[in-house]
Amino acid sequence: MATYVIDERDNQLGRSIVTDTDDLKSYYQDLDTFNAGALWTVANEIEPWEPTPMSDPTIWRFDDLRPHVLRSLDLVSAAEAGRRVVYLRNPRRKDVAACCGWLFSGLQAMRRGEGTPGHRHAASALRYIMEGKGAYTIVDGHKILLGARDFVLTPNGCWHDHGVTEDGEISIWQDGLDIPLANALEANSYEVYPDGAQKQLYPLNDSPYSYGAPGLMPINDSWQHGYSPLMRFSWDATYEGLNNFAKVTDGSPFDGVIMRYTNPHSGGHVMMTMGAHQQMLRPGEATKAHRHTGNVIYHVSKGQGYSVIGGIRFDWKEKDIFCVPAWTWHEHANLSASEDACLFSFNDFPVMEKLGFYREQPYLENDGHQPIIATR
Amino acid sequence: MATYVIDERDNQLGRSIVTDTDDLKSYYQDLDTFNAGALWTVANEIEPWEPTPMSDPTIWRFDDLRPHVLRSLDLVSAAEAGRRVVYLRNPRRKDVAACCGWLFSGLQAMRRGEGTPGHRHAASALRYIMEGKGAYTIVDGHKILLGARDFVLTPNGCWHDHGVTEDGEISIWQDGLDIPLANALEANSYEVYPDGAQKQLYPLNDSPYSYGAPGLMPINDSWQHGYSPLMRFSWDATYEGLNNFAKVTDGSPFDGVIMRYTNPHSGGHVMMTMGAHQQMLRPGEATKAHRHTGNVIYHVSKGQGYSVIGGIRFDWKEKDIFCVPAWTWHEHANLSASEDACLFSFNDFPVMEKLGFYREQPYLENDGHQPIIATR
Amino acid sequence: MATYVIDERDNQLGRSIVTDTDDLKSYYQDLDTFNAGALWTVANEIEPWEPTPMSDPTIWRFDDLRPHVLRSLDLVSAAEAGRRVVYLRNPRRKDVAACCGWLFSGLQAMRRGEGTPGHRHAASALRYIMEGKGAYTIVDGHKILLGARDFVLTPNGCWHDHGVTEDGEISIWQDGLDIPLANALEANSYEVYPDGAQKQLYPLNDSPYSYGAPGLMPINDSWQHGYSPLMRFSWDATYEGLNNFAKVTDGSPFDGVIMRYTNPHSGGHVMMTMGAHQQMLRPGEATKAHRHTGNVIYHVSKGQGYSVIGGIRFDWKEKDIFCVPAWTWHEHANLSASEDACLFSFNDFPVMEKLGFYREQPYLENDGHQPIIATR
Amino acid sequence: MATYVIDERDNQLGRSIVTDTDDLKSYYQDLDTFNAGALWTVANEIEPWEPTPMSDPTIWRFDDLRPHVLRSLDLVSAAEAGRRVVYLRNPRRKDVAACCGWLFSGLQAMRRGEGTPGHRHAASALRYIMEGKGAYTIVDGHKILLGARDFVLTPNGCWHDHGVTEDGEISIWQDGLDIPLANALEANSYEVYPDGAQKQLYPLNDSPYSYGAPGLMPINDSWQHGYSPLMRFSWDATYEGLNNFAKVTDGSPFDGVIMRYTNPHSGGHVMMTMGAHQQMLRPGEATKAHRHTGNVIYHVSKGQGYSVIGGIRFDWKEKDIFCVPAWTWHEHANLSASEDACLFSFNDFPVMEKLGFYREQPYLENDGHQPIIATR
């Protein structure tokens, strides 16, 4: 658990205010014999006043990472590596290989004609295409072609493998998974697909062609899964959707023009443990700060700007990745006076919402803007 | 109730097989005194072996109706008429002013610059635009512009009024309502909007601009209603959706390439009592027959072909309207070998499904095609 | 549809205020040729200002009916009659054999050792036991024993048959069904069980023994139906529940201490089209009037009192049955100063709620009490 | 994360099979500079073949703990301690103060007339009464009296405090909470009730009196929470329910006659993160082994027997507590040939189910029984 700092509020009735005595110390030793302890010795620590983040706000700039991601192409084969991924390691979450909270993220590079062996796991995964041509994913036999800034799902328990077509180009995409969460909840598991790569069992792109029309669904649909049957959300339709929405909304004070990727079958989150958004900061827009439970990993789709996260300013431009830990104040700004800036993000909000843990708070002081205490 | 024809199956244990005697006749008279009767005198009639339709298969051809619809423009004013509508009257449902089952339909004509007074009712309504320019609907203050073959909702309990803009042209659209159902269920009610036409309270087209992007939803959405927040389903997106789906589906044996209009918030039907579909019959396609509970009113969006309904062949072309009564065999055919034909339809399936009454059956004989006993 | 009385409110913009001319009359004839009509000629009638009931408030007193119900035992056999039921016919609903609205009700009598042939239908059914000993119902192979004032379900589509055990006594119960609704919605159908009476396929009373404990459910429960797996609601547990609830509630101003029978699997109504309540009027309690859409058929479980329905006072005592038509003011009173009075009732509220038609209104004048215009 | 043991299955395509070279080692150092790493260096560890438990099977015997629990009465006051709880510490989960997985448990003792200060937290809590008289809980102003083996909820976000009435006796109960989970998910928070103990705002026991009747619900119920409005599940009704169910079920091969405590409003789990069961092992019954994701903490309600958990035999009798870690084989046996044995248990199954992580497996070898490798 996070290190607890004693708070002056702890010195009141309703908190543990026991002063240890020799008798008590001896008592604690006796309890220890029976795999037991006295709650009041840990109560204030395990019941903090506020949600307590376990990650640091961090940025991963594409200019820094790109050469190293490309270098991996020469260092290991996709087959040997399983997946040739450079993963993003939060300074405070190295022990669980997490990017933020219980979320994993990494950058995967692949040459044309390459593919990963098929596999599946209890963890859910998503991908956001960064560069290249001819990338594809196969999910339970459904093959889906992917272009830049397309967002694709490979949900929990689905067989999946990825590759780049023979006529494609070296491609890089961001992976997002809840592997650390699945491990923390003692639920992760792994299977290798029997015969290398999956066969394509359905017509190409049948998922987006069946479920990707607005307000329409196949009539004989009998989808039973907890995740979305629409597995590719294309950038063109998404950007057009954001621009349309921008015409009729004032936007959120904290996020500008923001839309949630949804499961068209239910209107809910795209997967059972992870949600995703695309948001547009209009030219010159600077939002106000708020904080909420749940962790968010952002990917700059377009434009340049900065975010202030826990008082630290992070400047970003296209393809940079940064994270906002749980219950940490954050606000975003578009540095261009003429161009919009767009942020893709994914999160663990479905976990927070389903378990009753979602909570949100606006930053009320200083007209909603945090004092900047550092820049990175 | 529908007239019951005695069936030879009635002559068995498990049905009423009582032979009336003088004692029984006298008994029935006694029961009558107390507002009572003997079930066995009506049991076989009120418990038919099969679902029993109350409507006739009927077609309304646009070539026939159009002149009369336009004539109404000169005969009555939109204001005096409330709504200047020529309604479609099923031969067997005149007493309840229904087009088919408990569904109402009509054709409404409006000049440029005209509008209806605002009103609302417990019944739900929908509209399908047929011709003209500049048509619009205002639903609870949300103004929506409409083009040909756009499908728009004015759900139960919402204030609504319709009109044609000053720079528009004479417009005709089809109305669909569940007025007969709302009356049959003793639930209809009516209110006139206090000040004539509604004011536009929100940005123009905010419903389609907020909810009309595939797999995306406004983040702070707090929709609580039982009907869809997306109230206009545009023809262009619908036709593109059908064409995409056609690339990856074999289609339904009974309906070709068919999609259900959905509430993006829930994946369910667009309104609480009425659902809608758009379907494409591919060049030369002739479907097999099936039947189901629930009534359907079709509108030919595009192309020409015929439907065989209850053994009667109805030839149709663009803008024609026809109905398929409950539990009546029906099949459709596209007469063109090169062009697709599209059918819009609306139905009372939400009623059937929610109440546990939906049931479906394929026609198994004659390779799925009914013998044609008449043509109309 | 109900006969419409012209209302002075009809004379305003927003209603049809067209005056017929010779031209219009000729126009109407032309439309008639094409199975069409002018909406403004029927609009005010089919869009009434208020929900319009189709039934009369009516009472069926057990003292009147009992001798006739028992007489049926000698007049017809259970087997020949299918079900030996005296049904309750609302004066205004004879054409659809309904007791109130689209609800059917009747009294069924059976001798010891008798049983009905097994059958099933799209309509849902319920039973409320009035007198006798040894009554039972078999639902899809689940046999359930029934005592006085027990409430039992035989939901839509379930095989069912009823009887009285060999060691029982002549039994009378009230049946409630939605047969008229199923017919009106063109969805009713009927099947006779292949071999006479059903075999008992499960342990006796397995439904109440599995689902009848408060706040508990079998762990491996995989119930998929839209109706309750708990099919018998016993009087003892119900009456104890009402008495417990009475200790902690002020009660409803319109209904006293009232509880809804629920599907423990969902918390919803017990069946897809019909709900049920049990309510207690405390000694001396007289409730205030309200009205709502939906029809209710009451059965006096216990005590004596009166109800004022649409201004008519109906005095009742144990085993009497009366109905409250849709949108009709009603209030109830217990005539005893020392004993409670209990009313069982069933209704079509699930239909109203699911279709968006439920609406409710308190009677505000005269301290909530209707002037009494007649007594029956 | 749990320590990963290299598995021979790791040596195949589809797993990371990279051999480190000097180039790679240098590459890893470069990545480290940018808060990044190579996935293939940790992939096999963070993607284990099977769900991996983080706790040890452990038993806490009441005979051992009771004297120490009572001793706490003299050592600290309830007020100073906040809650005077001896908590149960899994040998492998000391760092998070958990009893098993992310679940907390402890034994709380209270004298007559004592009470805790009111407080609330994002974590959910439950209590199972072990001994004493006059125990009560107040949840958001609803006061509930508790007897031995009653099960009571104090859900997430509800103000709650506990005590023993002035005419009661020293009471001991087991607490169960998801504090470790709420902390792990960075969502826990704490508030002290402004004025010490809560006032009782509603009639005594209004929760069980309103929601504790089988198949009945208050009619005007407008419950909006994700947890059950029925907050006390009394032992008498539960034991009667189990006995009734035992008459009609064969029972589960793994658990005997087992029922799930449910939210009567939804049929779902009683709280958003924790579920609970009561199960009966019939005289002489010995179940077969299975395993599943999710952690379970058992409390012996009645009788004596043993459980084999991960190959270790734990003998138990009334009031003993033991835990079954995630994905650990377990089976139970009743040692009496004449008396039943009952086990109360609570778990984190709602977390597993909602997030798509629930999975279950029967033990197939040796007729379903594990070889016993140790006894504790």
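Letters A, B, C and D mark the chains in the order given here, with residues in each chain numbered from 1 onward.
Here is the rule we go by: contacts are C-beta pairs under 8 Å (C-beta built on N, C-alpha and C of every residue); 3 or more make two chains touch, one makes a residue touch a chain.
This structure is a prediction, so every number in the text was calculated from the model and none was measured.
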Given subunit A and subunit B, the chains that contact each of them: none
Chain whose Cα centroid lies at the greatest distance from that of subunit C: A
Magnitude of the superposing rotation for subunit C and subunit D (Cα, nearest 5°): 180
Interface residue overlap between copies subunit A and subunit D, same or different (over half shared): same
For subunit C paired with subunit D, centre-to-centre distance based on mean C-alpha positions, whole Å: 44
Length of the line joining the C-alpha centres of subunit A and subunit C, rounded to whole Å: 52
Averaged-CA centre spacing for the pair subunit D and subunit A, given as whole angstrom: 29
Two or more partner chains touched - positions in subunit D: none
Set of all touching chain pairs, with the criterion as stated earlier: A-B, A-D, B-C, C-D
Residues of subunit C that touch subunit B when the two form their complex: 1-2, 12-18, 23-24, 27, 30-31, 34-40, 42-43, 46-54, 58, 60, 64-65, 68, 71-72, 75-76, 79-91, 95-97, 101-102, 104, 106, 117-119, 121-124, 156-157, 179-193, 196, 226-227, 272-273, 293, 295, 325-327, 350-352, 354-357, 359
Subunit C-touching residues of subunit D, taken from the complex the two chains share: 202-206, 208-221, 228, 230, 233, 237-238, 240-242, 244-245, 247-249, 252, 255, 258-267, 270, 277-278
